[in-house]
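What follows is a set of structures for review.
In what comes next, chain A is part of two complexes: it sits with chain B in the first one and with chain C in the second one.
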Partner chain A sequence: MRSLRWKIAGHVLALVATVLLGGLLSATLVRLAPGFDTDERELDPHLSAESVQALRDARHQDHNVFRFYFSYMKRAMTGDLGTSLALGQPVRTLLRDRAPLTLRLLAIGLALAWLLTLTLALSAAWLRLSVFDTLTTAASGTFLCIPAAVLALLSVFWNAPGALAIALIVFPHTYRYARNLLVKAYSRPHIITARAKGLGEARILFWHVVPVVTPQLLAVAGVSVSMAVGAAIPVEALCGLAGIGQLAWQAALARDLPLLVNITVLVTLVTLLANSSADVIGHVVRSQEV
Partner chain B sequence: MRRHKSGFEQMTNTCGTAISVAMLCLGFLLGHAVAQGGGELRFCLRTEPKTFDPLKVEDDASASIRYLTGGVLVRVNRQTQDLEPGLAVSWKVSKDGRQISFRLRSGILFSDGTPFSAEDVAYTVQQLMDPALHSPTGDAFRSGTGNVETNVVSPSQIVITFPAQVAGLDRLFDQVAILSQRSSKKEMAVLGPFMVADYKPGSSVLLKRNPNYWKTDEQGRKLPYLDSIHLDIQPNRDVELLRFKRGELDLINSLDSEYFDKLAATSPQVVHDAGASLDSEQLWFNEVAKSPIPNYKKNWFRSASFRRAISEAINREDLSRVVFHGHAQPAVGPFSPANKFWFNSKLKPQPYSSDAALKALQDEGFRMENGTLKDKDGNEVVFSIITNSGNKYRERMAVLIQDDLQKIGIRVNVVTLDFPSLIERMTQTFDYEAIILGLTNVDLDPNGEMNVWLSSSENHQWNPQQKAPETAWEAEIDRLMRAQASSSDPKKRKEAFDRVQEIVVEQEPFIFLINKNALSAVSAAVQGAAPMILSPQTFWNAERLFVGTK
Partner chain C sequence: MSLWQKLACVILALVLCGSVAANWLAPAGYAKQYREATDAPPSRAHWLGTDEMGRDRFARVLYGTRISLLLAPAAALLSTLMAALIGGLAGYLGGIWARMAMAVTDLFLSLPWLFLLITARALMPLNVSPLISVMVTFMLLGLLGWTTAARVLCTTAASLRGSDFVRQAQAAGLPAQRLFWVHVVPNLKPVLYAQFWISIPVFILSEANLGILGLGVAEPMPSWGSLLKELEGLVSIGEEPWKFVPLILLVVVVTSFQVLLSKQEEMAA
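Our next item is the complex of A and B:
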C-alpha cells in the first residue's frame, strides 16, 4: 500500500513537471516558427496603417516567450486560459465547446480499436491457424502502412464515421502487442496442461490468461490513448469535425500561441494521465497476484 | 326598373365569379405555399465566423452572415452593380463629398420588435468609427483625422459628416449593417431577411426568417421566402463537394475549376460559370531597396523593361487553359473587365511572345550564352518564385511560368511556403525575389485599393512604406489616386483611375496573370437562383430564393 502511494506521488510529480515543460517547449517552438509575428489580416487593403499596427502590437505582446509563459501560468491559475489570436474567442470557451466531440470520437474510436484487437488476437491465440494468423497480420500491416490522413479521407469518401478512422489507425499498433501477449500466454505449460485436461476455454481465459496479460495490456492501452489523440488531429481536420484536433490544426497554421500552448498542455495531460493510470492499475494487479 | 339578366350574361357572370374565386384560391395557395414552405437552404461556410457583430467583420464567413442578417441603408445590386435603396428611401452626398444625408423608411422593426429610427443609424456610425475598433468596414470611411458627426434631424432623417472627403461614400454603406441602440440583444437584433437562431461552435450556424423583415415581393408577399438557412462550417472542399453530390447541400460558392468540371460531367445543369470575376492572380518582384537580395537582382527587378519582358514571356492563355481548365481569363490590368464602370476598356491583354521578350531583354544588355540568359555583368538570370503551399492553382501557375521563362534562358525556382511564413517574408523581412499571390476584390470602387496603390502604404507590396515615392510613375499614381479620391465627379474619378490602370500596365509592378471566373453550383431544388460575379455570388438574392417547388 505504501509503495502504491509512492508510485502515485511519483506519477503526479512527473505529470506536473512534464506538463509544465511541455507547455514551455510548445510556446518556444511556436515563438521560433517562421511567420509567428504575422497576421493574415495585415493584407486586407481596407485596414488603415493604425489598424495594421494594432494587429502587430497584439503579436508583439507575446514576443518574450518566458514572460508570455509566466503570465499564462499566472492567469491559468485563476481559470483564464487567454484569448485565441486567430479566432478572437476565449480559449476556455473554444476548448469547452469542442471537447465533447473529441472525447466522444476518442472513446468510440478506442472502443472499436480494442474490440477489434481483442477479438482478432484472442481468435489467433485460440485457433492457432496459420492462415488466420497470416490474414490478420496482413490486415494489421496494411492499416499500419496507410497514412492516417488517407484513412481520414477514405472515411469522408465512404461517409463512414471519423471514429472508425481512428479505430483503424490505432488497431494495427495494439493488435501486434495483444496478439503476441495472448499467444505467449496460451503457450505456457500450465495452460497447455489445463487445456489437455479439458478445462473450459472461458475458465482458462479468465483464470489463467487474463491475470497474466492484464498489466502489459494496460500499458498498451495507455499508449493507445496517445495514439488516438494524435490520430484525432488529421481525422478531425480532414473530416471537418469541430473538435480539439481541428482546433489544434487551425492553431498551428495560424501560429496561435495561446491556443497552441493550451492544447499542448491538455494533450500532454491526457496522455500522461492515461499512461500513469495504466501503470498504477498494472501495479495494483501485479501486487494482488503476489 | 329591374333588368333581367340574359342567360348568356348570367353564364358569363357565373363563370367570371368562379374564375375569380379560383384565381383567389390559387393565389392564396401559392402565396401560402411560398410564405409557409420556402424550405431550408443549406450551404457551407469555409471558416468559423469570427464574429456576429457586423461592425467587426473581417473574414468571409462573418461577411456572409452579415449579408444575410444585416439591414443596410443602401445596397449594391449584385446584378446591375448599381446602388439601390435599402432602409433609406433616398440619400444625397454633398458636393465636397464629406456629408451624406439619408431619408429613412418608417414603421420598420428590428427582429426583436425594437423600432428602427435615425438614432440607430447615428449609434451604428459612432460605434463603427470608434478608432479602437480597428474594423476594415470602419477604416474604409477613414480619410482624414477628426471625428464623424451625426445629426439626427428627425426619426426618419439623418445627416452624417466626415472630417474629410470620402470617395464613393454612398457605396460604402452597402457594408454597414445597422445596429439597434435600444435592443438588449445588441448585434443579434437585426434588420435583414434572416436572424441568427442557433450557433454550434465549429459546426453550424442556423439562420431563421426575420418575422419583422420589411420587404415584400411584387405580389405583396412578405420576404424572405425561405424558412431558414443552415450554414455548415466545413473547411474541407472535398467534403463540401461530396455533400453537395449527396444532396445534403444546395449551394457551393466560389467553386474550384477542377470541381466545376467534375460536377459538370455528371450534372451540367447545376454548375454556373458567371464569367471573369473581380479577383486577380499576379506575380511581382521584390523592389524593396533594403531587401537582403543581391544588388544585381534588385537592378533587374527595379527595371520596367525587365518586368515587361517577363510579362511578355508568360503565356496567360496557357495558364487559363491548363491550370484553370478554361475557367479564367488572361488579366489585363488592376481591374477585371467584370467591373463594368471602373475597368479601362482601352487596355488589352499582354500578347505572349517569347521572341519579343528575349529581344527586349537583349536590348537592355542581357545576352544568351549556351541557353542561359546572363546580364551585362555576366550574372546568370535566375530567381525564385514563392507562393503559398496548398494552393494547387498557384503552384501550377508557378510551374508553367517556370517553363515559359526557361524558353528565354531564365532559370526559375519554385518554392512553396505556408501562409504565415510567406507573409513574414513579404511584409517584414523582405527576403524573397518574386511572389505569386491573388487579390480578392470585394469593392467595385478603386478607393478600396488605396492602400495597394499609394507608395506610402503597407500593402504597396512590391515596395511598401516609401517615405517619398521612389519612382516618377509611383509619384504619378499617388497623385492620381489622391485626385480621384478627392473628387466627387464620377467622370473625373474615372479619368484619373483609367490613367492609373495605364501606368500600372506600362510599368508592371504587378504582372497580372489571370482573372478567375466566378464558378458556383446550385442544386436543382433551389428556385430563383441567379449566380453573379459579385460576392456573395449565389445567395445575393437570398430573400427571393426558395427550396422545392412553388
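Our next item is the complex of A and C:
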C-alpha cells in the first residue's frame, strides 16, 4: 500500500512537471514561429493609427514567452484560459463546446480498436491456425502501412463514422502487441500442461492467461490513448468534425498562441493521465498476484 | 534472409530504380501541363492519366517516389545522429545528464507524434518555394523523430558503461573521449542501424499525413503526400481506380520496409 502511494505521488509529480513543460514548449514554438507577430486586422484601412497601435500593444505581452506563460498560468488558476486570437472566443468555451465530440470519438474509436484487437488476438492464440494468424497479421500490417489521413479520407468517402477511422489507425499497433503477448502466454509450459490435462479454455483464459498479460496489456492501452489523440487531428480535420482535434489544427495554422498552449496542456494531460493510470492499475494487478 | 524478405528487397530495388530513372521514363517532367487533357483517364500518352491541372500522373508518381524515398532516409539519418548524440552520450555519462536527457525525451514522448508533427509543421512557413518546403518537411521529421531512438540508445549506452571492457579501459587510464568514440560508439552501431531503418517507413507515412493535410511539400513538386491529397476530391473508386496508384505504391513500399525490418525491430527492442 505504501509503495502504491509513493508510485501515485511520483506519477502526479512527473505529470504536473511534464504538463507545465509541455505548455512552455508549445508557447516557445509558437513564439519562434515565423509570422508570429502579424495580425491581419492591421491591414484594415478603416482602422486608425491609434487602433493599430492598440492591437500591437495587446499582443506585446506575448513577446516574452516566460512572461506570457507565467501570466497564463496565473489566469488559468482562476479558470480563465484566455481568448482565442483567431476565433475571438474564450478558450474555455471553445474547449467545453468541442470536448464532448472528441471524447465520444476517442471512446468509441478506442473501444472498437480494442474489441477488434482482443477478438483477433485471442482467436489467434486459441486457434493456433497458421492461415488465420497470417491473415490477421497481414490485415493489421496493411492498416499499419496506410497513412492515418488516408484512412480518414476513406471514411469520408464511404460515409463511415470517424470513430471507425480512429479504430483502424489504432488497431494495427495494439494488435501486434496483444497477439504476441497472448501467443507467448499460451505457449507457457504450465498452460500446455493444463490443456493436456483437459482444463476448460475459459478457465485457462481467466485463471492463467489474463493475470499474466493484464499489466502489459494495460500499458499498451495507455499508449493507445496517445495514438488515438494523435489520430483525432487528421480524422476531425478531414471529416469536418468540430472537435478538439480540428481546433488544434486550426490553432496551429492560425498561430493562435493562447489556444495552442491550452490544447497542448490538455493533450499532454490526457496522454500522461492515461499512461500513469495504466501503470498504477498494472502495479495493483501485479501486487495482487504476489 | 527469408523468401518474403528477398521479395521485399526486389520490390524496393525496383521502385528505387524506377524513381531514379524518372528523368528517362518521364522526360516531360512532373510540372508540364497538358491543358487539352485535364483530369484525363489513362491513355497511351499518359499511362496513369492526368490530374486536374493536366499534369501527367505517371511522371508525378515517379518524381514523388524519388523525393519521398530519398529524403525519408536523409531525415532518418538526421534523427539517428541526434539520438546517438543525445541518448548515447547521456547514457554513457549517466547521472544528471541521463536524467536530463530522459526528461526531455519524456516531454516529447508525452505529446502524440502526429499532434507534435502537425503543430510544428503548421508553425513553419507554408508560403515558401517547393524546394524549401521539401527541406523544411523532412528536416522537421528528422529533428522531431529522435526521441524513441534516444531512449533505446541511452539504455544501451548505460549498460555498456557498466560492462567489464569499459571498466577495464577506464582502469587502464584511457581518456573518456577516446573511450566513448573508440569503444562505446562501435558497440552502439547495431542499435543505430536498426533505429535508422525503423525510422524510414515512419517518416514516409508521416510525410504522407502532412501532405494530405496540405502541410507537406509545396506545389508543383510532387511527393507521396501531395499525390495522395488527390484522393480528397474522389467521386467514385470504381470510376477512377488509377488515382489509387500512389496509395498502392506507398503501401507496397512501406510493407516491404516492414518485412525487411522484422529482424531489425527485434534487435532494437
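As a working rule, the second predicted complex is superposed on the first by the 268 of 290 C-alpha atoms of A that agree within 3 Å, B and C clash if a C-alpha of one lies under 4 Å from a C-alpha of the other, contacts with A are read in each partner's own complex, and residues count from 1 in each chain.
We adopt the following convention: contacts are C-beta pairs under 8 Å (C-beta built on N, C-alpha and C of every residue); 3 or more make two chains touch, one makes a residue touch a chain.
Worth saying up front: this structure is predicted, and the values here are computed from it rather than measured.
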item	value
First, second, both or neither for A:Leu153, with chain B first and chain C second	both
Which of chain B and chain C A:Ser48 touches, first, second, both or neither	first
Touching partner for A:Leu29 - first (chain B), second (chain C), both, neither	second
Contacts of A:Gly82 with chain B and chain C, given as first, second, both or neither	neither
Touching partner for A:Asp97 - first (chain B), second (chain C), both, neither	first
Which superposed partner A:Leu238 touches (first chain B, second chain C, both, neither)	both
First (chain B), second (chain C), both or neither touched by A:Leu260	second
Touching partner for A:Leu247 - first (chain B), second (chain C), both, neither	first
Common interface positions of chain A, toward chain B and toward chain C	33-35, 153, 157, 237-238, 253, 255
Interface residues, chain B side, partner chain A - complex	48, 50-51, 58, 131, 134-137, 139-140, 142, 200-203, 233-236, 238-239, 242, 246, 417-424, 427-428, 448-452, 457-459
Partner chain B, residues of chain A touching it in the complex	33-52, 54-55, 87-88, 93-94, 97-98, 101, 153, 156-157, 159, 237-240, 242-243, 246-247, 253-255
Complex interface listing, chain C residues touching chain A	106-107, 110-115, 118-120, 122-125, 201, 205, 208-209, 212-213, 225, 228, 231-232, 234, 237, 247, 250-251, 254-255, 258
Footprint of chain C on chain A - complex, ascending	14, 18, 21-22, 25-26, 29-30, 33-35, 141-142, 144-150, 153-154, 157, 226-227, 229-231, 233-234, 237-238, 248-249, 252-253, 255, 260, 264, 267-268, 271-272, 275
